[in-house]
Amino acid sequence: MIDKQNASPAAAVADIFDGATVMVGGFGEAGSPIELIHALIDQGAGNLTVINNNTGSGHVGLAALIENKQVGKMICSFPRTANSTVFPDLYRAGEIELELVPQGTLAERIRAGGAGIPAFYTATTVGTPLAEGKETRCFDGRDYVMEVGLKADFALIKCSKADRYGNLVYSKTARNFSPVMATAAAITIAQAGAVVEAGALDPEVIITPGIFVDRLVEIFDPEQESRLVAAGRSYP
Amino acid sequence: MIDKQNASPAAAVADIFDGATVMVGGFGEAGSPIELIHALIDQGAGNLTVINNNTGSGHVGLAALIENKQVGKMICSFPRTANSTVFPDLYRAGEIELELVPQGTLAERIRAGGAGIPAFYTATTVGTPLAEGKETRCFDGRDYVMEVGLKADFALIKCSKADRYGNLVYSKTARNFSPVMATAAAITIAQAGAVVEAGALDPEVIITPGIFVDRLVEIFDPEQESRLVAAGRSYP
Amino acid sequence: MTGKTSGWSRDEMAQRAALDIPDGAYVNLGIGIPEQVAKFVPADREVIYHSENGLLGMGPAPAAGHEDPDLINAGKKQVTAIPGAAFFHHADSFVMIRGHHIDICVLGTMQVAENGDLANWSTGAPDAIPAVGGAMDLVAGVETIYVITQHCTRTGEPKLVDACSYPLTGQGVVNRIYTDLAVIDVTAEGFEVVELAPGISFDYVQEHTGARLIRCN
Amino acid sequence: MTGKTSGWSRDEMAQRAALDIPDGAYVNLGIGIPEQVAKFVPADREVIYHSENGLLGMGPAPAAGHEDPDLINAGKKQVTAIPGAAFFHHADSFVMIRGHHIDICVLGTMQVAENGDLANWSTGAPDAIPAVGGAMDLVAGVETIYVITQHCTRTGEPKLVDACSYPLTGQGVVNRIYTDLAVIDVTAEGFEVVELAPGISFDYVQEHTGARLIRCN
């Protein structure tokens, strides 16, 4: 019987290796798999390349992973946060690398990685510094840059409900990057607010079909990043 | 107030012009917008380029549109049908053009057209006759062909429910090509089994957001292609 | 120098821009003054707001006690969803943007050039942390780009210039600019003043602009 | 010529292939004999079937009176959906295929070459109506391709050949072939017979094959 449930976040992230590329779902705190990220901090893998739209808040979750010096490179669209100086401090000190990618190109590069598309063309960044060094090509009189697909060794994502097959549904705008990240990682690990019976999720409304999900961890009452930040918490 | 409802299929398709490119949803009979196609037959626009996975069944729906000599060119993956010789007869007579596209490339080219992506690379067709004349390029040691996005002047699709904004949900595998076609046409026309109040569709389960839909027609009890074919019906 | 005697407030700039949003438009509003535009769209127009983090049909801020950390906008502020809203993932959200489905985007800026070039993401300073978000996608994909901005920087430098000195967000993308002093169109001939704020003269606007202005006929 | 004395039936070919489908696999089954594989997967294995028209978790044909014209497979036959199934659109469905997420695809064929080339979509005849469906996508995107086929055509021509004479579906894509006579792997050295049907000799298979066969050690 297929059952993708793992006993704990620690078990689910145990084989993330030094130097791995890890996609992390979430846009700000919405959809951030904070328990999985904290398990990765406990686990200690280093020199990671992390793909997320941002660089985290305060001293918990993604910001804490960066602060713990486990991230060698960030691929993101917006590495500044009002309430965190973790990334800027390390970046200015030359201790972390940054690949800045426009938000829509980031989403599409991840989708392409999951869809078996090695490269595509987009008008985004044409004529800007972010197009420098990229191949430009004209289609129907307009210039486009070539962008390549992004894949990862692991994806850490958060959903509201899952079943044992790994079918997932999300909550509102907490969906964001997670469905495309699930397709683009060799191993996708999802934390779910609830794991329900197979068949309990309407097949019309499943956003991530189970084929894209390898491991599940049920986290009934996940931490909320903004509350932790407001409380001045840090991890570990 | 936004209200995309049209009074009739005839009103919804009235401005489809000679020479237009028309995407038609459906895979076999599932999702085929048969009332909209029949309205297009009544309307009479000719020399159309039609994009659909197939070429229709019997002498109704898409097959009837072809039989009525309104289609100059088909773009599809599988133009043979067990129960229709309409397309093969015209094709052998040199009266209709065919662009044969693998099913997955067809779906992705339509998605690219809707997503503002002029071209992408895929391994599908490499080393086959369908790659002839196409640019081939190597990424990470594997060859891929370049495929270009597909757009249309109109899309005719079928859904199970809609609201006045044009938000759509579908029924089971009748979803197929319609969500991507809705994104790729200048004017998307959807026939809906029911048009419900705004807010009656759960925002988590809307498959086609209303931004992609221009016109709606409520067809409460649509014809079923296989029944019409079994009954030996033809249109008009 | 002709003295400034009045000009538009931030709310008035947003209100003026709102007049140009037609009924039925799909609109993306940037962070800052552009967000305020939604408050001023005339009540007889129905406008659908897109937030690039996966929401079409964004409503106003939630009432106290109804906040939901899973329901935020692109500026990561908590918002609401109207009846008839839809959620979707990030790749689908940028299909709407890159695929030219959004009608209008209203953005803030650092600089706009008379050829429509926009620079609103980086000063290019060597110690700056570069951050672009969705700005480049929006200007590349949305047909009509409106900019709302103070006419000059806090230190009095013009933001409307003959050529951007900051790194570009996009080339030739801006259609219309709403400042505290005027409404200005980007035309093939350059900046054209289409409306002056109350008490503001054409000459005053010209003096505070880093490019030649054209009087609207 | 060594006389045929037995060999596998169509059901037995499907049954033999089913033995090679592991527990937990995501599988796409082509039209014809491949469809029959699902019936024979051992009961202690849970396998998820993908249908490229937008269904993951395809179940068997519906009971009489429970047919639904909206619930069909890639062969346009009415099917059912298991509890835990999911529906999705065509572009998402081929993300699963092109993106290497499907583990195994079982297909019929016209010809297979000893280098793994597959030809199963067209005879190349000038009056043929070309039709490819999803076959090229499947062989390009799915890592493990199994072929189930009669060893020879109805007119006795070998389908396993040194080089395909028909137009290719994909290059070097086939991993294993199940015929009425044998199970044959495509290896770097060519066709390797890994199992013979009851009563069938290696020499008999060789005589009916258009390429050199290798005996399995």
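Each chain carries a letter (A, B, C and D) given by its place in the written order, and its residues are counted from 1.
Keep in mind that, in the parts below, a contact is a pair of C-beta atoms (placed from the backbone, for glycine too) under 8 Å apart; a residue touches a chain by one contact, two chains touch by 3 or more.
Bear in mind that the values here come from a model prediction, so they are computed numbers and not experimental data.
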{"item": "Intersection of contact partners for subunit C and subunit D", "value": "A, B"}
{"item": "Geometric centre distance via CA averages, subunit D-subunit A, whole Å", "value": "36"}
{"item": "Centroid distance [mean C-alpha coordinates] between subunit D and subunit B, Å", "value": "29"}
{"item": "Residues of subunit C engaged with two or more neighbouring chains", "value": "81, 87-88, 94, 97-98, 141"}
{"item": "Subunit A, residues touching no fewer than two other chains", "value": "108, 111, 115-117, 122-123, 170-172, 203-204"}
{"item": "Graph class of chain-chain contacts, one of line, ring, star, complete, other", "value": "other"}
{"item": "Interchain contacts (touch definition) - all pairs", "value": "A-B, A-C, A-D, B-C, B-D"}
{"item": "Subunit C contact footprint on subunit A (complex, rising order)", "value": "27-31, 53, 77-80, 87-88, 91-92, 98, 100, 102-108, 110-111, 122-130, 170-180, 207, 224-226"}
{"item": "Footprint of subunit C on subunit B - complex, ascending", "value": "1-2, 111, 114-117, 163-165, 167, 183, 197-199, 201, 203-204, 206, 209-212"}
{"item": "Complex contacts: residues of subunit D adjacent to subunit B", "value": "51-55, 68-73, 76, 81, 87-91, 93-94, 97-98, 117, 122, 127, 129-137, 140-141, 167-171"}
{"item": "Interface residues, subunit B side, partner subunit A - complex", "value": "108, 112, 115-123, 137, 139-140, 142, 144, 148, 169-172, 202-205"}
{"item": "Residue ranges of subunit C touching subunit B (in the complex, touch as defined)", "value": "23-24, 26, 46, 48, 50, 56-57, 81-88, 94-102, 141"}
